[in-house]
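Below are two complexes that have subunit A in common, paired first with subunit B and then with subunit C.
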Partner chain A sequence: MNPSMAITEAPGLFTADGLTGVIFLIMMAVTIIGGIIACSAERLVRAVAGLIVCFIGVAALYYFLNSPFVALMQMLIYVGAVCITIAFAIMLAAPEESKKNGPAGPLSGPLGFITAGLVTYGLIVMAMRTKFTSLPKVNGGTVKELGIQFLTSYSMVFELISIVLLIAIIGALVIARAGRNK
Partner chain B sequence: MSLTLLNVIVAVVIAIAFAAVNAAYLVWAERRGAARIQRRPGPNINGPFGLLQPPLDGIKLMTKQLMIPGGADKILFMVAPVLAMAPAIMSFVTIPFSAGIAAHNMELGVLVIFAFASMGAMAILFAGWGSRNKYSVMASVRAVSQNVSYEIPMLITAITVVMTTGSMDLKAISMAQSGGFWHWNIFPSLHSPLMPISFIIFFICSLAETNRAPFDLGEAESELVAGFHTEYGSMGFGLFFMGEYANIVIGASLTTILFLGGWDCPFGMFPGVWWFLLKIYLLIATFIWIRWTFPRTTIYGLLNLSWKILIPISLFNLLLTAGLLKVF
Partner chain C sequence: MSLLTLYNNLNTFLYLAAMLFGLGVYGIVTRRTLIGMLISSELILASASINFMAFNRFTAPDPTVGQVFTLFIMAIAAAEAAIGLSIIIAVYRNYKSVDTEDLVELNG
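For the complex of A and B:
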């Protein structure tokens, strides 16, 4: 669907736009279901599986936003690296049957439902009242343009992110180093 | 519209059929090759040269009862074999077999294949954990640490090739190497004098990524029964096997496109899909040859090879290529 085109009427189900919409809705559902599994699973490995489903849904949403590069990086980094590292850590450290039976916080139970309802209501009201204007496509979302933007307009952010990663690596090394001498 | 939908369906069916036929007959080739190397006949009873063995094996696997071990995590146990097969089939979509034969050529082809390949480790993790078997868990931990550590040098060498070509499009990378074997990326050029070493690194990494011997620590049968697929019988096991061979075909295709000129003829004549198929099957024959020739490494040797040798060399190669591209 052309993003700059105003939606006047719903397209038929078996047109290209209609099928795109159906796939979009499926991916929304996948993201939400994945998130619910990640939050409510009793076993940690299943929670990671839910997280993966959620990330794949998010990657598909990026693809719908006309940025295939970000979508693929989401798959490569979040699914292929982050989730695998989490699952790996769980399998190395935790016993397999550890259920999350921690003390429930003050927001569980009826109070939690009320809070969730209020937040949902607020978001819905905000979404309904906002007037959405479709913006023109800035660039093709290609790797080249992203690279140029990263090294010119957003070079500060880019450098800061790399410093954060460097600090994380050094921190991990310090922790591991102390463990080796014990 | 209906034409595009039909195109998609036909492309998906062809991709699945190609993966399945290859998986079935590569098992046969593997068994025959192993037999030849070990001086025994191998499967030669069913059909000429034993060619009916793969369909018979398939029927046998499909008619067996699907057993789920007690206490296993049922959902993950069932999902894992599918997850082993699905990413491999997805990767076939973007591989160009010749100038005109590609299901959907994407601008980011290299990235698509790596993104889906990185999901393969998930299947091994879930299989090992879902089986509720200590051997399986140990095997999956090994296999995943191996996959993660060999993904890094593989990506870095792929980036080197992408830098010299200036594109992530698999078709464009193939086209850039057309016109005789001296244009292929495997040979050193002004911008990338270490290309033969890159090729060797990439080949070793694709062996390790597909869990092939001498890097098959995940299914070391002398220590871990059968590794992560110990508890799998019938078609669950079959899917793991098909996934492995589909991944081998993907690895060989990617090596061919990145380093060996894709569908280009070595002498500049009759470029076409036959050259591509010839190259990937020669690479796969080398895979089989290596598997039955070299003994299995140890897990420490394996991880040291990646982190202490392959990653430094590939990083140095990346910097050298970047510098030379800037200078010339």
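For the complex of A and C:
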């Protein structure tokens, strides 16, 4: 019904497949728990720590999805760059830790919970009811083939994304510089 | 299907991504600082990337396309975080606050 490759029939706990499954369950829990901390922690520094935990779990999920290169990039870019940048911004711009940092109003907690619950429910039901058909693979998705794709089919996008990053860096510098002499 | 072969199932990843998306939406709705909202939006981007990678692994004929797309999402997210954080720092310099309730200059 659902596409699954290399169907294994309920491996024992202490075989290689079983231990892989255990590690996957642990990483799934790490992702969800990190996400919960990131969206509900009182202090923003703890939220960033939760975000780091969540991204490490996501990197492990990418590894399970046959993409070790993307997993490494996730660790490098998200954990190493984005989270650290957010931590610096918290140190620069959010000194009032004593001020209440929780929900914005008395109703926003329950309303946010209902909204998020409905969105999650809708997505899960949609995933449950849809039948996805698997197509035969035309290549293995290795790092070599990824590099070939980057420099042939997607070379234009590859160049454009570097321009976007350059403009983002210059724009960030300009915006953060404005009004500094006051 | 056993609990230990969940990683060979497309729906596991879809449910996990849906949960992360819900957590991100909850964070965006309830947070009262701009940085908290930015953190939650990173969760939403991560859930989109997980969906791309899951379909890439289980259904797509060319398994490099999803990886390329996820790498582009990462680059865009890095650019977005840099711009967003610099805007937050500029806002903090002008208002001495990053609380969404204090940023009322454009109120009608």
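Here is the rule we use: the second predicted complex is superposed on the first by the 135 of 182 C-alpha atoms of A that agree within 3 Å, B and C clash if a C-alpha of one lies under 4 Å from a C-alpha of the other, contacts with A are read in each partner's own complex, and residues count from 1 in each chain.
We adopt the following convention: a residue touches a chain if its C-beta (ideal position, glycine included) is under 8 Å from a C-beta of that chain, and two chains touch if they have at least 3 such contacts.
These numbers were taken from a predicted model, which means no experiment stands behind them.
Asker: For A:92, using the defined touch cut-off, is the partner it touches subunit B, subunit C, both, or neither? Pick first, second, both or neither.
Answerer: both
Asker: Which chain, subunit B or subunit C, is in touch with more residues of subunit A?
Answerer: The partner making contact with more of subunit A's residues is C.
Asker: A:163 in the overlay: touching subunit B, subunit C, both, or neither? Say first, second, both or neither.
Answerer: neither
Asker: Going by the contact rule set out at the top, does A:81 touch subunit B (first), subunit C (second), both, or neither?
Answerer: After superposing on A, A:81 lies in contact with both subunit B and subunit C.
Asker: For A:52, is the partner it touches subunit B (first), subunit C (second), both, or none of the two (neither)?
Answerer: A:52 sits against subunit B, while subunit C stays out of touch.
Asker: Classify the contacts of A:69 with the two partner chains as first (subunit B alone), second (subunit C alone), both, or neither.
Answerer: A:69 sits against subunit B and subunit C alike.
Asker: Could you say whether A:150 touches subunit B, subunit C, both of them, or neither, answering first, second, both or neither?
Answerer: The second partner, subunit C, only.
Asker: Just to be sure I read the superposition right, which of the two partners does A:39 touch: subunit B = first, subunit C = second, or both, or neither?
Answerer: second
Asker: Does any part of subunit A touch subunit B in one structure and subunit C in the other, and if so which residues?
Answerer: After superposing on chain A, subunit A residues 69, 73, 81, 85, 88, 92, 96 contact both subunit B and subunit C.
Asker: Would you pull the subunit B residues touching subunit A in the complex into a rising list?
Answerer: 1, 4-5, 73, 75-76, 79, 106-108, 111-112, 114-119, 121-122, 125-126, 128-129, 132, 137, 140-141, 144-145, 148, 151, 168
Asker: Which subunit A residues qualify as touching subunit C in the complex?
Answerer: 2-8, 10-11, 13, 17-18, 20-22, 24-25, 28, 31-32, 35-36, 38-40, 44, 47-48, 51, 54-55, 58, 61-62, 64-67, 69-70, 73-74, 77-78, 81-82, 85-86, 88-90, 92-94, 96, 99, 101-104, 108-109, 111-113, 115-117, 119-120, 123-124, 127-128, 132-141, 145-146, 149-150, 154, 157, 161, 164-165, 168-169, 171-173, 175-176, 178-180, 182
Asker: Please give the residue numbers of subunit A that touch subunit B in the complex, ascending.
Answerer: Result: residues 14-16, 19, 43, 45-46, 49, 52, 68-69, 72-73, 75-76, 79-81, 83-85, 87-88, 91-92, 96, 142-143 of subunit A touch subunit B.
Asker: Spell out the part of subunit C that touches subunit A in their complex, as residue ranges.
Answerer: It is residues 2-27, 29-33, 35-36, 38-40, 42-43, 46, 49-50, 53-65, 67-68, 70-72, 74-83, 85-94, 97-101 of subunit C that touch subunit A.
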